[in-house]
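Same chain, two partners: chain A is paired with chain B first, then with chain C.
Entry: the complex of A and B
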């Protein structure tokens, strides 16, 4: 049970961490000053949430004990795992490309993140419930920001509409994985700790469809989806992210700020 | 805050610790200190972050420890997440100090939503008091603020977003 809880916490934290990293790549490169600041604010919120998940995960791992000769900490979890040990979904590791991609990816994640946290507020695990109560206040702002931009650009000029539709068509096949239940999520749901993804799913698709419609964007007809991230099978992009993200700790182990 | 009645001397010391990003606001006025307990010979101070990613928390924790230990109280600082911080915990004095400093204090939840979403002109300018102001960005210089500008005196100013 503890091991599953640990893996579940990684799942929750890794999505926020990898997306937070993608957004941090835009620091100083946003299309305007306001959006640049907004995207880095989102990144900061996500990293704060990751710290909460990983601090708790380190505690849980410590209780499991076992054959590790080094202490597990929030930093070791974030910085020294191998790609197959990360449990983030494929959506969040997709590269930034243009602003339409950044906003669409953000919206697809935020629209899932909000109902997920809403469900986790009811978690029997007090710490997960506390993190959800805290995070949801921030994520409401994220979803507002990203859905407003989806509408503004989708229902904007011919150029912005086309770019948004291209991003939606490209990223849509990745969203199914967010709400696909893995054995770990199933076990956590049954314990009353994790979210019931079937509930999250219906709210999620309703929101996505409503916003895309208002943005005059068409919802792609797609009956399968790309998955694997939650099981540790990632796209090529993931290792490139880690090579940047882990560079310092790999080169100078245990260095501190 | 219930520490006031219990340990006024500790509260007075904590009044000196400020938010490094908003130096006019003490952590007591911000509602970040949740409790102070005496445990044998150490003090346990529980604090809660305003936003999950608030980079000031580590500094605040260090400042609390340094300030109290200098006054002869061995101190431990613990970060707690529940109940989650809300802008309602900013004291009236804290709100007044924010305004003096040039940061508009958070509105009621409804007015906040109007200001940030509908573009309703309800956030008064911190310089001239006019409500003829517009939002420039939902996200400002720190996680807790949005950026506004006054259309009358043209002053750009921060607005402390309502968080509930």
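Entry: the complex of A and C
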């Protein structure tokens, strides 16, 4: 049970951490000063949430104990796991190809993140409920920001529309994984700790379809989806992210600053 | 790529209830709604305010610097117009 809770916390934290890192790559490179700051704010919000999840995960891991010779902390969880131990979805590791990709990826995640947190507010686990409660205001803003941009770019110029449709077509096959229930999520749902993804799923697809329609973008007719991230099987982009993220801790173990 | 800029907006922030909105700066945005979100991101990330106004810069009519002589100098030698001859209670902070 504790091990499943630990893995569930990694799922929650890893999505925020990898997406937060992708956004941080744009710091100083945003298309305008205003959007640069906005995207960096989103990144900082997400990293704040990551800290909450990983501090709790470290506590849970400590209770499990076992064959680790070093202390488990939020930093060791964030920085020293191997790629297959990360449980983020494939969507959030997709690269910042252009602003349309950044916004579409953000919208596809935010539209899932908000109903997920609404469900987690009801969690029997008080820590998770408290983190959800705290994060929800941030994520309401994230969703407003990203969905407004989807509408403006989709219903903007011919070029912005085409770029958005390209991004939507490319990223849409990754969204099924967000609401796909894995055995860990099923176990947590049955314990009353995790979210019921079938509830999240219907709200999610309704929101995605409504915003894409308003943005004059077509919803791809795609029935399968790419998955694996939640089980630790990632795309080629993931290792590149980790090699950047983990460089300092791998090169100078236990360094602090 | 288009080199056309978004319109400029002036941003006013009320730092707390009861105080007036103050001009804090300007930014670019495609429309009023985005100007509001940009203002929130650019100017209130350190808890600077409880309310935001955004106004299109083009809606502001500014005084001409060349006319500053006739506009402002006549007030310089009329010290009797200043409320400096009253004792203000210390509790009054925002006068």
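Everything below uses one rule, namely that the second predicted complex is superposed on the first by the 257 of 257 C-alpha atoms of A that agree within 3 Å, B and C clash if a C-alpha of one lies under 4 Å from a C-alpha of the other, contacts with A are read in each partner's own complex, and residues count from 1 in each chain.
Heads up, the rule we're going with is that a residue touches a chain if its C-beta (ideal position, glycine included) is under 8 Å from a C-beta of that chain, and two chains touch if they have at least 3 such contacts.
Since we're looking at a predicted model, the values are computed, not measured.
Of the two partner chains placed by the overlay, chain B and chain C both lie in contact with A:37.
Shared-chain residue A:70: touches no atom of chain B or chain C. Annotation for chain A, partner touching more residues between chain B and chain C: B. Judged by the touch definition given at the top, the superposed model places A:135 against chain B, while chain C stays out of reach.
In the superposed pair of complexes, A:145 makes contact with chain B and with chain C alike.
Shared-chain residue A:45: touches chain B; no touch with chain C.
The residues of chain A shared by its contacts with chain B and with chain C are 34, 37-38, 41, 141, 144-145. On chain B, the positions that touch chain A within their shared complex are 49, 51-55, 81-85, 116-117, 136-141, 143, 147, 161, 163-164. Only residues 2, 6, 27-31, 33-34, 37-38, 40-42, 45 of chain C touch chain A when the two sit together in their complex.
Residues 32-35, 37-38, 41, 141, 144-145, 148, 152, 157 of chain A are the ones touching chain C in the complex. Of all residues in chain A, only 34, 37-38, 41-42, 44-49, 51-52, 126-127, 129-131, 133-135, 137-138, 141, 144-145 touch chain B in the complex they form.
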